[in-house]
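Structure in C-alpha coordinates, see below.
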Amino acid sequence: MENSHKHAHAKVEWIEIPVRVRYADTDRMGIIYYGTYPVYFEIARTEFMRKKGFTYRELEEVGYHLVVVGMDLKYYNSATYDDLLIVKTSIPNWQSRGMTFHYEIYKDKSLIVEGHTKHICVTSNRKPIIIPPRLLAILKDVSPK
Amino acid sequence: MENSHKHAHAKVEWIEIPVRVRYADTDRMGIIYYGTYPVYFEIARTEFMRKKGFTYRELEEVGYHLVVVGMDLKYYNSATYDDLLIVKTSIPNWQSRGMTFHYEIYKDKSLIVEGHTKHICVTSNRKPIIIPPRLLAILKDVSPK
Amino acid sequence: MENSHKHAHAKVEWIEIPVRVRYADTDRMGIIYYGTYPVYFEIARTEFMRKKGFTYRELEEVGYHLVVVGMDLKYYNSATYDDLLIVKTSIPNWQSRGMTFHYEIYKDKSLIVEGHTKHICVTSNRKPIIIPPRLLAILKDVSPK
Amino acid sequence: MENSHKHAHAKVEWIEIPVRVRYADTDRMGIIYYGTYPVYFEIARTEFMRKKGFTYRELEEVGYHLVVVGMDLKYYNSATYDDLLIVKTSIPNWQSRGMTFHYEIYKDKSLIVEGHTKHICVTSNRKPIIIPPRLLAILKDVSPK
(Lines give C-alpha, C1' and ligand atoms only; values in the text may rest on other atoms or scores of the structure.)
Protein backbone atom coordinates (compact mmCIF):
# COMPACT_ATOMS: atom_id res chain seq x y z
CA MET A 1 0.00 0.00 0.00
CA GLU A 2 2.72 2.38 1.05
CA ASN A 3 4.75 1.18 -1.92
CA SER A 4 2.07 1.76 -4.48
CA HIS A 5 1.47 5.18 -3.04
CA LYS A 6 5.15 6.05 -3.33
CA HIS A 7 5.21 4.69 -6.86
CA ALA A 8 2.26 6.80 -7.90
CA HIS A 9 3.85 9.83 -6.31
CA ALA A 10 7.17 9.16 -8.06
CA LYS A 11 5.44 9.02 -11.40
CA VAL A 12 4.19 12.56 -11.20
CA GLU A 13 7.18 14.21 -9.60
CA TRP A 14 8.62 16.80 -11.96
CA ILE A 15 11.57 19.06 -11.49
CA GLU A 16 11.77 22.22 -13.59
CA ILE A 17 14.99 23.72 -14.91
CA PRO A 18 15.28 27.01 -16.83
CA VAL A 19 17.59 27.02 -19.87
CA ARG A 20 18.46 30.19 -21.78
CA VAL A 21 19.07 29.46 -25.49
CA ARG A 22 22.57 30.44 -26.61
CA TYR A 23 23.43 31.86 -30.02
CA ALA A 24 25.67 28.80 -30.47
CA ASP A 25 22.61 26.56 -30.03
CA THR A 26 20.93 27.86 -33.19
CA ASP A 27 21.51 27.02 -36.83
CA ARG A 28 20.96 28.81 -40.10
CA MET A 29 17.27 27.87 -40.16
CA GLY A 30 17.04 30.53 -37.42
CA ILE A 31 16.05 28.07 -34.69
CA ILE A 32 17.65 25.69 -32.20
CA TYR A 33 19.67 22.99 -33.99
CA TYR A 34 17.96 19.61 -33.53
CA GLY A 35 21.13 18.15 -32.02
CA THR A 36 21.20 20.76 -29.25
CA TYR A 37 18.30 19.24 -27.32
CA PRO A 38 20.29 16.25 -25.98
CA VAL A 39 22.53 18.85 -24.30
CA TYR A 40 19.48 20.41 -22.64
CA PHE A 41 18.48 16.94 -21.46
CA GLU A 42 21.93 16.50 -19.93
CA ILE A 43 21.68 19.81 -18.05
CA ALA A 44 18.27 18.80 -16.75
CA ARG A 45 19.57 15.43 -15.50
CA THR A 46 22.44 17.16 -13.73
CA GLU A 47 20.12 19.63 -11.99
CA PHE A 48 17.57 16.90 -11.23
CA MET A 49 20.19 15.01 -9.24
CA ARG A 50 21.49 18.18 -7.57
CA LYS A 51 17.97 18.96 -6.37
CA LYS A 52 17.78 15.43 -4.99
CA GLY A 53 20.74 16.21 -2.79
CA PHE A 54 23.79 14.80 -4.56
CA THR A 55 25.61 15.48 -7.80
CA TYR A 56 26.38 13.34 -10.83
CA ARG A 57 29.93 14.59 -10.52
CA GLU A 58 30.20 12.94 -7.10
CA LEU A 59 28.79 9.76 -8.57
CA GLU A 60 31.56 9.73 -11.16
CA GLU A 61 34.15 10.50 -8.53
CA VAL A 62 33.25 7.33 -6.64
CA GLY A 63 33.55 5.32 -9.85
CA TYR A 64 30.06 5.08 -11.34
CA HIS A 65 28.60 6.35 -14.61
CA LEU A 66 25.02 6.42 -15.84
CA VAL A 67 25.76 5.82 -19.51
CA VAL A 68 23.10 6.49 -22.11
CA VAL A 69 21.94 3.39 -23.98
CA GLY A 70 18.95 4.90 -25.75
CA MET A 71 17.30 8.22 -26.54
CA ASP A 72 14.18 9.36 -28.36
CA LEU A 73 12.87 12.83 -29.15
CA LYS A 74 9.77 14.35 -30.66
CA TYR A 75 9.99 17.86 -32.05
CA TYR A 76 6.66 19.71 -31.93
CA ASN A 77 7.77 23.28 -32.30
CA SER A 78 10.88 25.44 -32.37
CA ALA A 79 12.61 28.08 -30.27
CA THR A 80 15.44 30.46 -30.92
CA TYR A 81 18.25 32.55 -29.42
CA ASP A 82 17.56 34.14 -26.04
CA ASP A 83 14.33 32.22 -25.45
CA LEU A 84 14.04 31.13 -21.84
CA LEU A 85 12.95 27.51 -21.95
CA ILE A 86 11.72 25.32 -19.11
CA VAL A 87 12.84 21.68 -19.03
CA LYS A 88 10.61 19.43 -16.94
CA THR A 89 12.32 16.21 -15.88
CA SER A 90 11.18 13.04 -14.15
CA ILE A 91 12.19 9.40 -13.84
CA PRO A 92 9.11 7.43 -14.88
CA ASN A 93 10.85 4.07 -14.95
CA TRP A 94 13.33 2.18 -12.76
CA GLN A 95 15.18 -1.07 -13.11
CA SER A 96 17.75 -2.50 -10.76
CA ARG A 97 20.49 -1.68 -13.27
CA GLY A 98 19.19 1.51 -14.85
CA MET A 99 16.46 4.07 -15.31
CA THR A 100 14.67 6.19 -17.87
CA PHE A 101 14.52 9.97 -17.70
CA HIS A 102 11.62 11.79 -19.30
CA TYR A 103 11.92 15.40 -20.48
CA GLU A 104 9.44 18.00 -21.64
CA ILE A 105 10.77 21.31 -22.93
CA TYR A 106 8.43 24.29 -22.84
CA LYS A 107 8.54 27.76 -24.36
CA ASP A 108 5.86 30.07 -22.94
CA LYS A 109 3.93 27.05 -21.59
CA SER A 110 3.85 25.46 -25.03
CA LEU A 111 5.50 22.04 -25.37
CA ILE A 112 8.19 22.23 -28.04
CA VAL A 113 10.24 19.05 -27.51
CA GLU A 114 9.67 15.84 -25.57
CA GLY A 115 12.05 12.95 -25.09
CA HIS A 116 13.56 10.16 -23.05
CA THR A 117 17.03 8.93 -22.25
CA LYS A 118 17.61 5.40 -21.02
CA HIS A 119 20.61 4.76 -18.79
CA ILE A 120 22.44 1.89 -17.24
CA CYS A 121 24.82 2.11 -14.32
CA VAL A 122 28.40 1.05 -15.08
CA THR A 123 31.72 1.05 -13.29
CA SER A 124 34.71 3.04 -14.55
CA ASN A 125 35.74 0.10 -16.75
CA ARG A 126 32.27 0.03 -18.37
CA LYS A 127 30.98 -3.06 -16.51
CA PRO A 128 27.21 -2.88 -15.87
CA ILE A 129 26.28 -3.08 -12.19
CA ILE A 130 23.24 -2.76 -9.96
CA ILE A 131 22.59 0.89 -9.02
CA PRO A 132 24.11 1.52 -5.57
CA PRO A 133 21.23 1.34 -3.03
CA ARG A 134 22.13 4.73 -1.55
CA LEU A 135 21.87 6.39 -4.97
CA LEU A 136 18.64 4.58 -5.72
CA ALA A 137 17.13 5.72 -2.42
CA ILE A 138 18.08 9.34 -3.05
CA LEU A 139 16.80 9.42 -6.63
CA LYS A 140 13.56 7.68 -5.74
CA ASP A 141 12.91 9.90 -2.76
CA VAL A 142 10.04 12.18 -3.65
CA SER A 143 9.63 13.93 -0.33
CA PRO A 144 9.71 17.73 -0.58
CA LYS A 145 13.15 19.33 -0.16
CA MET B 1 6.39 -6.55 -60.61
CA GLU B 2 8.88 -3.88 -61.57
CA ASN B 3 7.56 -1.78 -58.73
CA SER B 4 7.94 -4.39 -56.05
CA HIS B 5 11.46 -5.08 -57.28
CA LYS B 6 12.32 -1.40 -57.01
CA HIS B 7 10.80 -1.27 -53.57
CA ALA B 8 12.82 -4.23 -52.37
CA HIS B 9 15.93 -2.68 -53.88
CA ALA B 10 15.23 0.66 -52.19
CA LYS B 11 14.92 -1.03 -48.84
CA VAL B 12 18.41 -2.40 -48.96
CA GLU B 13 20.16 0.51 -50.61
CA TRP B 14 22.79 1.86 -48.24
CA ILE B 15 25.18 4.72 -48.71
CA GLU B 16 28.34 4.76 -46.62
CA ILE B 17 29.99 7.93 -45.29
CA PRO B 18 33.29 8.04 -43.37
CA VAL B 19 33.43 10.34 -40.34
CA ARG B 20 36.64 11.06 -38.43
CA VAL B 21 35.95 11.69 -34.72
CA ARG B 22 37.10 15.15 -33.62
CA TYR B 23 38.56 15.94 -30.21
CA ALA B 24 35.63 18.34 -29.76
CA ASP B 25 33.23 15.39 -30.19
CA THR B 26 34.46 13.64 -27.05
CA ASP B 27 33.65 14.26 -23.39
CA ARG B 28 35.40 13.63 -20.12
CA MET B 29 34.27 9.99 -20.06
CA GLY B 30 36.93 9.63 -22.80
CA ILE B 31 34.43 8.75 -25.53
CA ILE B 32 32.11 10.46 -28.01
CA TYR B 33 29.52 12.63 -26.23
CA TYR B 34 26.07 11.09 -26.68
CA GLY B 35 24.76 14.33 -28.19
CA THR B 36 27.37 14.27 -30.96
CA TYR B 37 25.71 11.45 -32.89
CA PRO B 38 22.82 13.59 -34.24
CA VAL B 39 25.53 15.69 -35.92
CA TYR B 40 26.93 12.56 -37.58
CA PHE B 41 23.41 11.72 -38.75
CA GLU B 42 23.15 15.21 -40.28
CA ILE B 43 26.44 14.78 -42.17
CA ALA B 44 25.26 11.43 -43.47
CA ARG B 45 21.96 12.90 -44.72
CA THR B 46 23.84 15.67 -46.49
CA GLU B 47 26.17 13.23 -48.23
CA PHE B 48 23.33 10.81 -48.97
CA MET B 49 21.59 13.53 -50.98
CA ARG B 50 24.79 14.65 -52.66
CA LYS B 51 25.40 11.09 -53.85
CA LYS B 52 21.86 11.08 -55.24
CA GLY B 53 22.78 14.01 -57.43
CA PHE B 54 21.54 17.12 -55.65
CA THR B 55 22.31 18.92 -52.40
CA TYR B 56 20.22 19.79 -49.38
CA ARG B 57 21.63 23.29 -49.71
CA GLU B 58 20.00 23.63 -53.13
CA LEU B 59 16.76 22.37 -51.65
CA GLU B 60 16.88 25.16 -49.07
CA GLU B 61 17.77 27.72 -51.71
CA VAL B 62 14.55 26.97 -53.58
CA GLY B 63 12.57 27.38 -50.38
CA TYR B 64 12.16 23.91 -48.88
CA HIS B 65 13.35 22.37 -45.60
CA LEU B 66 13.25 18.80 -44.36
CA VAL B 67 12.68 19.58 -40.69
CA VAL B 68 13.22 16.88 -38.10
CA VAL B 69 10.07 15.88 -36.23
CA GLY B 70 11.41 12.80 -34.46
CA MET B 71 14.65 11.00 -33.65
CA ASP B 72 15.64 7.84 -31.84
CA LEU B 73 19.04 6.36 -31.05
CA LYS B 74 20.39 3.16 -29.54
CA TYR B 75 23.92 3.23 -28.16
CA TYR B 76 25.59 -0.20 -28.29
CA ASN B 77 29.21 0.73 -27.92
CA SER B 78 31.53 3.71 -27.84
CA ALA B 79 34.25 5.30 -29.95
CA THR B 80 36.77 8.02 -29.30
CA TYR B 81 38.99 10.73 -30.81
CA ASP B 82 40.53 9.95 -34.19
CA ASP B 83 38.48 6.81 -34.77
CA LEU B 84 37.37 6.57 -38.39
CA LEU B 85 33.69 5.68 -38.27
CA ILE B 86 31.44 4.55 -41.09
CA VAL B 87 27.88 5.86 -41.19
CA LYS B 88 25.50 3.75 -43.26
CA THR B 89 22.38 5.62 -44.33
CA SER B 90 19.16 4.62 -46.05
CA ILE B 91 15.57 5.82 -46.37
CA PRO B 92 13.45 2.84 -45.33
CA ASN B 93 10.18 4.76 -45.23
CA TRP B 94 8.40 7.32 -47.42
CA GLN B 95 5.24 9.33 -47.08
CA SER B 96 3.96 12.00 -49.43
CA ARG B 97 4.90 14.68 -46.92
CA GLY B 98 8.03 13.22 -45.36
CA MET B 99 10.45 10.36 -44.89
CA THR B 100 12.47 8.47 -42.32
CA PHE B 101 16.26 8.13 -42.50
CA HIS B 102 17.93 5.13 -40.90
CA TYR B 103 21.55 5.27 -39.72
CA GLU B 104 24.02 2.66 -38.55
CA ILE B 105 27.39 3.81 -37.27
CA TYR B 106 30.24 1.33 -37.36
CA LYS B 107 33.70 1.26 -35.86
CA ASP B 108 35.87 -1.51 -37.26
CA LYS B 109 32.78 -3.32 -38.61
CA SER B 110 31.20 -3.32 -35.17
CA LEU B 111 27.86 -1.48 -34.84
CA ILE B 112 28.18 1.20 -32.17
CA VAL B 113 25.11 3.40 -32.69
CA GLU B 114 21.88 2.99 -34.63
CA GLY B 115 19.11 5.51 -35.11
CA HIS B 116 16.40 7.17 -37.16
CA THR B 117 15.35 10.70 -37.96
CA LYS B 118 11.86 11.46 -39.19
CA HIS B 119 11.37 14.48 -41.42
CA ILE B 120 8.58 16.46 -42.96
CA CYS B 121 8.93 18.82 -45.88
CA VAL B 122 8.06 22.44 -45.12
CA THR B 123 8.22 25.76 -46.93
CA SER B 124 10.36 28.65 -45.68
CA ASN B 125 7.48 29.84 -43.49
CA ARG B 126 7.24 26.35 -41.88
CA LYS B 127 4.08 25.24 -43.70
CA PRO B 128 4.07 21.46 -44.34
CA ILE B 129 3.83 20.54 -48.01
CA ILE B 130 3.98 17.48 -50.24
CA ILE B 131 7.56 16.64 -51.18
CA PRO B 132 8.28 18.12 -54.63
CA PRO B 133 7.97 15.24 -57.17
CA ARG B 134 11.40 15.95 -58.66
CA LEU B 135 13.02 15.63 -55.22
CA LEU B 136 11.06 12.49 -54.46
CA ALA B 137 12.11 10.91 -57.77
CA ILE B 138 15.77 11.69 -57.14
CA LEU B 139 15.81 10.42 -53.57
CA LYS B 140 13.90 7.26 -54.44
CA ASP B 141 16.10 6.50 -57.44
CA VAL B 142 18.23 3.50 -56.57
CA SER B 143 19.93 3.02 -59.90
CA PRO B 144 23.72 2.89 -59.67
CA LYS B 145 25.51 6.25 -60.09
CA MET C 1 36.29 66.71 -16.44
CA GLU C 2 32.98 64.96 -16.23
CA ASN C 3 33.92 63.07 -19.37
CA SER C 4 37.23 61.80 -18.12
CA HIS C 5 35.54 60.72 -14.91
CA LYS C 6 32.95 58.76 -16.87
CA HIS C 7 35.67 57.23 -19.01
CA ALA C 8 37.64 56.12 -15.97
CA HIS C 9 34.48 54.70 -14.48
CA ALA C 10 33.65 52.82 -17.70
CA LYS C 11 37.05 51.21 -17.73
CA VAL C 12 36.53 49.50 -14.42
CA GLU C 13 32.89 48.54 -14.76
CA TRP C 14 32.57 44.78 -14.67
CA ILE C 15 29.50 42.63 -14.91
CA GLU C 16 29.66 39.10 -13.52
CA ILE C 17 27.85 36.12 -15.03
CA PRO C 18 27.77 32.60 -13.55
CA VAL C 19 28.20 29.70 -15.99
CA ARG C 20 27.78 26.06 -14.97
CA VAL C 21 30.05 23.76 -17.03
CA ARG C 22 28.07 21.18 -18.99
CA TYR C 23 29.25 17.63 -19.66
CA ALA C 24 29.08 18.50 -23.37
CA ASP C 25 31.62 21.28 -22.79
CA THR C 26 34.37 18.86 -21.76
CA ASP C 27 36.67 16.68 -23.84
CA ARG C 28 38.56 13.47 -23.29
CA MET C 29 41.40 15.29 -21.54
CA GLY C 30 38.85 15.56 -18.70
CA ILE C 31 38.58 19.35 -18.89
CA ILE C 32 36.70 22.05 -20.80
CA TYR C 33 37.43 21.84 -24.54
CA TYR C 34 39.44 24.90 -25.60
CA GLY C 35 36.82 25.78 -28.21
CA THR C 36 34.07 26.01 -25.59
CA TYR C 37 35.27 29.31 -24.14
CA PRO C 38 34.07 31.44 -27.08
CA VAL C 39 30.58 30.18 -26.24
CA TYR C 40 31.01 31.37 -22.64
CA PHE C 41 32.11 34.75 -24.01
CA GLU C 42 28.93 34.89 -26.09
CA ILE C 43 26.73 34.17 -23.06
CA ALA C 44 28.53 36.88 -21.12
CA ARG C 45 27.99 39.44 -23.90
CA THR C 46 24.30 38.57 -24.03
CA GLU C 47 23.88 38.98 -20.28
CA PHE C 48 26.04 42.12 -20.23
CA MET C 49 23.61 43.80 -22.63
CA ARG C 50 20.56 42.50 -20.78
CA LYS C 51 21.87 44.03 -17.55
CA LYS C 52 22.32 47.31 -19.43
CA GLY C 53 18.61 47.31 -20.16
CA PHE C 54 18.22 45.94 -23.67
CA THR C 55 18.88 42.63 -25.42
CA TYR C 56 21.07 41.66 -28.33
CA ARG C 57 18.04 39.86 -29.71
CA GLU C 58 16.18 43.18 -29.93
CA LEU C 59 19.19 44.69 -31.67
CA GLU C 60 19.02 41.96 -34.31
CA GLU C 61 15.28 42.39 -34.66
CA VAL C 62 15.75 46.02 -35.67
CA GLY C 63 18.34 44.99 -38.24
CA TYR C 64 21.74 45.31 -36.59
CA HIS C 65 24.45 42.75 -35.79
CA LEU C 66 27.64 43.09 -33.77
CA VAL C 67 29.74 40.69 -35.83
CA VAL C 68 33.00 39.38 -34.43
CA VAL C 69 36.07 40.48 -36.39
CA GLY C 70 38.73 39.34 -33.94
CA MET C 71 39.23 37.21 -30.83
CA ASP C 72 42.12 36.30 -28.57
CA LEU C 73 42.33 33.98 -25.56
CA LYS C 74 44.90 33.05 -22.96
CA TYR C 75 44.43 29.77 -21.13
CA TYR C 76 45.97 29.83 -17.63
CA ASN C 77 44.23 26.90 -16.02
CA SER C 78 41.45 24.41 -16.58
CA ALA C 79 38.01 23.59 -15.26
CA THR C 80 35.69 20.63 -15.67
CA TYR C 81 32.11 19.38 -15.60
CA ASP C 82 29.82 20.92 -12.99
CA ASP C 83 32.27 23.66 -12.00
CA LEU C 84 30.48 26.95 -11.43
CA LEU C 85 32.53 29.56 -13.26
CA ILE C 86 32.26 33.34 -13.08
CA VAL C 87 32.69 35.32 -16.29
CA LYS C 88 33.60 38.98 -15.73
CA THR C 89 32.86 41.18 -18.73
CA SER C 90 33.58 44.78 -19.61
CA ILE C 91 33.93 46.99 -22.70
CA PRO C 92 37.36 48.59 -22.36
CA ASN C 93 37.41 50.07 -25.84
CA TRP C 94 34.96 51.94 -28.09
CA GLN C 95 35.07 53.15 -31.64
CA SER C 96 32.28 54.79 -33.58
CA ARG C 97 31.79 51.60 -35.58
CA GLY C 98 32.60 48.93 -33.02
CA MET C 99 33.86 47.91 -29.62
CA THR C 100 36.02 45.40 -27.79
CA PHE C 101 34.70 43.15 -25.03
CA HIS C 102 37.08 41.87 -22.38
CA TYR C 103 36.41 38.65 -20.47
CA GLU C 104 37.95 37.03 -17.43
CA ILE C 105 36.77 33.58 -16.41
CA TYR C 106 37.26 32.54 -12.81
CA LYS C 107 36.99 29.25 -10.97
CA ASP C 108 37.06 29.68 -7.18
CA LYS C 109 38.54 33.19 -7.55
CA SER C 110 41.39 31.86 -9.67
CA LEU C 111 41.65 33.26 -13.22
CA ILE C 112 41.53 30.37 -15.69
CA VAL C 113 40.91 32.06 -19.05
CA GLU C 114 41.11 35.64 -20.28
CA GLY C 115 40.20 37.01 -23.69
CA HIS C 116 38.79 39.67 -25.95
CA THR C 117 36.35 39.81 -28.82
CA LYS C 118 36.36 42.72 -31.23
CA HIS C 119 33.11 43.64 -32.95
CA ILE C 120 31.85 45.92 -35.66
CA CYS C 121 28.25 46.96 -36.14
CA VAL C 122 26.70 45.88 -39.44
CA THR C 123 23.27 45.98 -41.06
CA SER C 124 21.42 42.82 -42.05
CA ASN C 125 23.15 42.83 -45.43
CA ARG C 126 26.57 42.95 -43.68
CA LYS C 127 27.31 46.63 -44.42
CA PRO C 128 29.36 48.26 -41.62
CA ILE C 129 27.65 51.22 -40.01
CA ILE C 130 28.13 53.61 -37.10
CA ILE C 131 26.72 52.17 -33.87
CA PRO C 132 23.22 53.61 -33.34
CA PRO C 133 23.54 56.46 -30.79
CA ARG C 134 20.81 55.01 -28.57
CA LEU C 135 22.67 51.69 -28.35
CA LEU C 136 25.94 53.44 -27.70
CA ALA C 137 24.42 55.50 -24.90
CA ILE C 138 22.94 52.43 -23.23
CA LEU C 139 26.11 50.34 -23.46
CA LYS C 140 28.31 53.20 -22.27
CA ASP C 141 26.03 54.05 -19.38
CA VAL C 142 27.75 52.96 -16.20
CA SER C 143 25.27 54.29 -13.70
CA PRO C 144 24.08 51.67 -11.21
CA LYS C 145 20.95 49.76 -12.20
CA MET D 1 74.00 26.91 -43.90
CA GLU D 2 72.05 23.68 -43.93
CA ASN D 3 70.21 24.86 -40.83
CA SER D 4 69.16 28.19 -42.20
CA HIS D 5 67.99 26.45 -45.36
CA LYS D 6 65.87 24.04 -43.35
CA HIS D 7 64.51 26.91 -41.31
CA ALA D 8 63.50 28.87 -44.39
CA HIS D 9 61.90 25.76 -45.83
CA ALA D 10 60.01 25.06 -42.62
CA LYS D 11 58.61 28.55 -42.60
CA VAL D 12 56.84 28.11 -45.90
CA GLU D 13 55.70 24.53 -45.50
CA TRP D 14 51.91 24.41 -45.57
CA ILE D 15 49.63 21.45 -45.32
CA GLU D 16 46.11 21.80 -46.70
CA ILE D 17 43.04 20.12 -45.21
CA PRO D 18 39.52 20.23 -46.68
CA VAL D 19 36.65 20.80 -44.24
CA ARG D 20 33.01 20.56 -45.26
CA VAL D 21 30.81 22.94 -43.19
CA ARG D 22 28.13 21.11 -41.21
CA TYR D 23 24.65 22.46 -40.57
CA ALA D 24 25.51 22.26 -36.85
CA ASP D 25 28.41 24.65 -37.45
CA THR D 26 26.13 27.52 -38.48
CA ASP D 27 24.07 29.92 -36.38
CA ARG D 28 20.96 31.98 -36.96
CA MET D 29 22.93 34.72 -38.70
CA GLY D 30 23.07 32.15 -41.54
CA ILE D 31 26.84 31.70 -41.35
CA ILE D 32 29.43 29.67 -39.43
CA TYR D 33 29.27 30.42 -35.69
CA TYR D 34 32.42 32.28 -34.63
CA GLY D 35 33.17 29.61 -32.02
CA THR D 36 33.25 26.85 -34.63
CA TYR D 37 36.61 27.89 -36.09
CA PRO D 38 38.69 26.59 -33.14
CA VAL D 39 37.25 23.16 -33.99
CA TYR D 40 38.46 23.53 -37.59
CA PHE D 41 41.89 24.46 -36.22
CA GLU D 42 41.87 21.27 -34.14
CA ILE D 43 41.03 19.12 -37.16
CA ALA D 44 43.83 20.77 -39.11
CA ARG D 45 46.37 20.10 -36.33
CA THR D 46 45.30 16.46 -36.19
CA GLU D 47 45.70 16.02 -39.94
CA PHE D 48 48.95 18.02 -40.00
CA MET D 49 50.49 15.50 -37.60
CA ARG D 50 49.05 12.52 -39.45
CA LYS D 51 50.63 13.75 -42.67
CA LYS D 52 53.92 14.04 -40.79
CA GLY D 53 53.75 10.33 -40.06
CA PHE D 54 52.37 10.01 -36.56
CA THR D 55 49.10 10.83 -34.81
CA TYR D 56 48.24 13.09 -31.90
CA ARG D 57 46.29 10.14 -30.52
CA GLU D 58 49.50 8.12 -30.29
CA LEU D 59 51.16 11.06 -28.55
CA GLU D 60 48.42 11.03 -25.91
CA GLU D 61 48.67 7.26 -25.57
CA VAL D 62 52.33 7.55 -24.55
CA GLY D 63 51.43 10.19 -21.97
CA TYR D 64 51.93 13.58 -23.63
CA HIS D 65 49.52 16.39 -24.44
CA LEU D 66 49.99 19.56 -26.45
CA VAL D 67 47.70 21.79 -24.40
CA VAL D 68 46.56 25.11 -25.80
CA VAL D 69 47.81 28.14 -23.84
CA GLY D 70 46.80 30.84 -26.29
CA MET D 71 44.72 31.45 -29.40
CA ASP D 72 43.95 34.39 -31.65
CA LEU D 73 41.66 34.71 -34.66
CA LYS D 74 40.84 37.33 -37.27
CA TYR D 75 37.55 37.03 -39.11
CA TYR D 76 37.67 38.55 -42.59
CA ASN D 77 34.67 36.98 -44.22
CA SER D 78 32.03 34.30 -43.65
CA ALA D 79 31.04 30.91 -44.98
CA THR D 80 27.97 28.74 -44.55
CA TYR D 81 26.53 25.22 -44.63
CA ASP D 82 27.96 22.85 -47.22
CA ASP D 83 30.82 25.16 -48.22
CA LEU D 84 34.01 23.20 -48.79
CA LEU D 85 36.73 25.13 -46.96
CA ILE D 86 40.47 24.67 -47.14
CA VAL D 87 42.49 25.00 -43.94
CA LYS D 88 46.18 25.73 -44.50
CA THR D 89 48.34 24.88 -41.50
CA SER D 90 51.98 25.42 -40.62
CA ILE D 91 54.19 25.66 -37.54
CA PRO D 92 55.95 29.01 -37.86
CA ASN D 93 57.45 28.97 -34.40
CA TRP D 94 59.19 26.43 -32.16
CA GLN D 95 60.39 26.48 -28.59
CA SER D 96 61.90 23.62 -26.65
CA ARG D 97 58.69 23.29 -24.66
CA GLY D 98 56.07 24.23 -27.21
CA MET D 99 55.12 25.55 -30.61
CA THR D 100 52.71 27.82 -32.44
CA PHE D 101 50.41 26.63 -35.19
CA HIS D 102 49.25 29.06 -37.85
CA TYR D 103 46.00 28.56 -39.76
CA GLU D 104 44.47 30.18 -42.80
CA ILE D 105 40.97 29.17 -43.82
CA TYR D 106 39.94 29.71 -47.42
CA LYS D 107 36.65 29.60 -49.27
CA ASP D 108 37.07 29.66 -53.05
CA LYS D 109 40.65 30.94 -52.68
CA SER D 110 39.47 33.86 -50.55
CA LEU D 111 40.87 34.07 -47.00
CA ILE D 112 37.97 34.09 -44.54
CA VAL D 113 39.65 33.37 -41.17
CA GLU D 114 43.22 33.41 -39.95
CA GLY D 115 44.55 32.42 -36.55
CA HIS D 116 47.14 30.89 -34.28
CA THR D 117 47.15 28.43 -31.41
CA LYS D 118 50.06 28.31 -28.99
CA HIS D 119 50.80 25.00 -27.28
CA ILE D 120 53.02 23.64 -24.57
CA CYS D 121 53.89 19.99 -24.08
CA VAL D 122 52.73 18.49 -20.78
CA THR D 123 52.67 15.08 -19.15
CA SER D 124 49.43 13.37 -18.18
CA ASN D 125 49.51 15.13 -14.81
CA ARG D 126 49.81 18.53 -16.53
CA LYS D 127 53.52 19.06 -15.80
CA PRO D 128 55.25 21.04 -18.60
CA ILE D 129 58.13 19.18 -20.22
CA ILE D 130 60.53 19.53 -23.12
CA ILE D 131 59.02 18.19 -26.35
CA PRO D 132 60.29 14.63 -26.87
CA PRO D 133 63.15 14.82 -29.44
CA ARG D 134 61.58 12.16 -31.64
CA LEU D 135 58.34 14.16 -31.88
CA LEU D 136 60.25 17.36 -32.52
CA ALA D 137 62.23 15.73 -35.32
CA ILE D 138 59.10 14.41 -37.00
CA LEU D 139 57.16 17.68 -36.78
CA LYS D 140 60.12 19.74 -37.98
CA ASP D 141 60.86 17.39 -40.87
CA VAL D 142 59.87 19.13 -44.06
CA SER D 143 61.08 16.55 -46.55
CA PRO D 144 58.40 15.45 -49.01
CA LYS D 145 56.31 12.43 -47.98
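Residue numbering begins at 1 within each chain, and the chains themselves are lettered A, B, C and D in the order written.
One rule holds in what follows: a contact is a pair of C-beta atoms (placed from the backbone, for glycine too) under 8 Å apart; a residue touches a chain by one contact, two chains touch by 3 or more.
Model, not experiment: these values are computed from the prediction.
Summarising the inter-chain layout, the chain whose CA centre lies farthest from the centre of subunit B is C.
Note on B-C: its contact pairs, compared by residue number with those of A-D, A-C or B-D, agree for more than half at A-D. In this assembly, the C-alpha centroid of subunit A lies 37 Å from the C-alpha centroid of subunit D. The centroid of the Cα atoms in subunit B and the matching centroid in subunit D are 30 Å apart.
As a whole-number value, the distance joining the C-alpha centres of subunit C and subunit D reads 26 Å.
In subunit A, the positions touching at least two other chains are 23-24, 29, 35, 39, 42, 81. Of all residues in subunit B, only 20, 22-24, 39, 42-43, 46, 55-57, 81-82 touch subunit D in the complex they form.
Subunit D makes touch with subunit C in their complex at residues 29, 34-36, 38-39, 42, 65, 67-75, 78, 117, 126.
Residues of subunit A touching subunit D in their complex: 23-24, 26-31, 33, 35, 80-81.
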